[in-house]
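In the two complexes that follow, subunit A is the common piece, with subunit B as its partner first and subunit C second.
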Partner chain A sequence: MANTLKTYLDAVRASLEACLCLTTFPSQQVERHNKPEIEVQSSKELLLTPLVVARNEDEKVLIESSVNSVRISLKIKQMDGMDQLLAHWFCRFLMQRAEQFIVLRRKAVDGFDLSFLITNTNLEKMWKHKLIDFVITFMEEVDKE
Partner chain B sequence: MILLEINNRIVEDTLRQKFDNALAGNKPDSVDITIADFDGVLYHISNPGGDKTKVMISISLKFYKELQEHGADTLLQREYGPFITSTEQGYDVSLLFDLEAVPADKDEVVKKAGLLKRNCFASVFEKYFQFQQEGQEGQERAVIHYRDDETMYVEAKKDRVTVIFSTVFKDDDDVVIGKVFMQEFKEGRKASHQAPQVLYSHREPPLELQGTDAATGDNIAYITFVLYPRHINKNARDNTINLIHTFRDYLHYHIKCSKAYIHSRMRAKTSDFLKVLNRARPENNVKEKRTITGRSFQQRN
Partner chain C sequence: EMQAGNIAGAVAAAMDYAPLHSKDEDVKAQHAQLVYKAMGAVPDAKISTVAKTLSTPQCDMAMKYVYRAMAETHECSSMLKWHAALLKQGGLGSISRVVAS
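On to the complex of A and B.
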């Protein structure tokens, strides 16, 4: 069990390091606006193919990236009613405090439990490797619970 | 796990204080307190007719009529004998204590006063335990609607007494936690062979109640306790009654405690995550730079 976790997290880390190469990109639709293209999805050329790293049916990570933003969605392993309840509560708790967490998205993507949104401005303020560490630590901790 | 107290602390403390006051020879104060207890039970402590030397304790239970059918009055007579008085308006039972004639065993009396609610319940149980001991069968089931949507059924058979609680979970999450609790209760027999058998049924009433107008629904659960003679004999009887009449409150109290505990754990975890995230931000050193001529300016991010 622990073995697959390590390889799983390594795969996620490698994918994140590759995808988190963001640069600022002013909106092509509206003058003087700078929007996260992954959320707006204004034009096909700015989006990269979404990538799924799956450990098994119940645990996966969806990484959708674009030129200036990346959306990372997690699905947490839930084996029975109690697990489902706890995961649901915990994610809701975190999402309510999304402002404090900066990179957290207030609503998770459909079919997933938690979503992060990282934009180029976030990367300008924070170390990239530390940010990836954060995401990986998060996944590890949740798995432990 | 914590067991809920079966006596009412407030009633006990007030009465004890009044007795001690009277014994010390101080002038008695007036008292008018309304106390709420589990299951919608109300106590009222007052001075009847404004007489400060007399303290009346009244209790009101919404389902007192049902308890009366099962002999609550006789049991209360037995326990409180001299203290029972004419019932106050709007209440079901009243006890009168005279501060000028403080009884010799005042601690006992104070304790008994605190157990007023428990004794009201006890009558039903004692009656059915008696049936089982005498081997009488075919007696009608006792139905007590001790809460608005919740009922308790007591039935005596030849070799056991079954007590069935119906309880409503107002929150869907409570249902899941309740189930986990009940799993543990069911397995209680493994821990101790003395433990009564517990059965749990979600949504549907158990077989014994099929055909009656027992409620069904997603948020409703039925818990059945099967009490055997060793729980019902004279030695264990009081303890059994003490524990079983507050069972529903005990269950819900612990569900709420678990939720609160989970919440505090989540809070702790959240602050941990926040710490990790803040490590990702580089320190913002305000660098002050100077030019040769001496003008200084700060780097702004």
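On to the complex of A and C.
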């Protein structure tokens, strides 16, 4: 059990390291605006193929990247109704305080429980490896509970 | 090729014949099944040795299939092992090439 967790987190970490190469990209639609392209999705050429790293049907990570932003969606393991409720409350609690987290998204992507949005401005202020460590530690902590 | 017991060769051959520009979903799905069979036939202990025999483009294709398999949640535990072995062989570049394809 602990073994698959490690390979799973290693795979996620490697995928994140490869995808988190972001650069600033001013919006092509509106002058002087800089929007996260993964949210706006204004042009097909700016988006990269989404990656899924899955441990099993209930636990997976969807990594969608673009030229200036990456959206990481997690699906937390929920085994029964009680788990589902707890996960739902926990995620809602976090998402309501998304501003404190900076990289958390206020709404999760469909089919997933929690979503992070990392843009090039975030990467300019924070260390990439620390950010990846944060996401991985988060996943570990949630898994422990 | 698999019957000949040459599993490493089978995986490499599967990568070479990947339908890269096919628009037909059926063709891609069929080939994917073949790839999963070849990759699944490799016992866990041998995954790293087989991964070492793949050339860089084959490694990239294999990475693509690992991610496709995980998106379909097919054999995830062995796919994770393949991911680690291919990563060692191809480096972060193989993932970047999957994302950029």
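Keep this in mind: the second predicted complex is superposed on the first by the 145 of 145 C-alpha atoms of A that agree within 3 Å, B and C clash if a C-alpha of one lies under 4 Å from a C-alpha of the other, contacts with A are read in each partner's own complex, and residues count from 1 in each chain.
In the analysis below, a residue touches a chain if its C-beta (ideal position, glycine included) is under 8 Å from a C-beta of that chain, and two chains touch if they have at least 3 such contacts.
This one's a predicted model, so the numbers in the text were calculated from it and none came from an experiment.
So if we stack both complexes on subunit A, do subunit B and subunit C clash, or do they fit?
On the shared subunit A, the partners fit.
Looking at A:Asn56, would you say it contacts subunit B, subunit C, both, or neither? Reply first, second, both or neither.
After superposing on A, A:Asn56 lies in contact with subunit C but is clear of subunit B.
Which angle, as a multiple of 10 degrees, do subunit B and subunit C span at the CA centre of subunit A?
120
Does the superposition put A:Leu86 against subunit B (first), subunit C (second), both, or neither?
Only subunit B; A:Leu86 stays clear of subunit C.
Who does A:Lys144 touch here: subunit B (first), subunit C (second), both, or neither?
A:Lys144 sits against neither subunit B nor subunit C.
One more residue to check, A:Leu48. First (subunit B), second (subunit C), both or neither?
second
Does the superposition put A:Glu17 against subunit B (first), subunit C (second), both, or neither?
In the superposition, A:Glu17 touches subunit C alone.
Just the number, please: smallest Cα separation between subunit B and subunit C in the overlaid arrangement, in Å.
Minimum C-alpha separation, subunit B to subunit C: 22 Å.
Which stretch or stretches of subunit B touch subunit A in the complex?
173, 176-177, 179-180, 262-263, 266-267, 269-270, 272-274, 276-277, 279-282, 301
Which residues, counting only subunit A, touch subunit B once they are in their complex?
So the residues of subunit A in touch with subunit B come to 81-82, 85-86, 89-90, 93-94, 97, 100-103, 125-127, 130-131, 133-134, 137-138, 141, 145.
Inside the complex, what are the residues of subunit A that reach subunit C?
Contact set of subunit A toward subunit C: 4, 7-8, 10-11, 14-15, 17-19, 21, 48-49, 51-57, 60, 65.
Report the residues of subunit C in contact with subunit A in the complex, numbered from low to high.
Contact set of subunit C toward subunit A: 67, 70-71, 73, 76-77, 79-81, 83-84, 87, 92-93, 95-96, 98-101.
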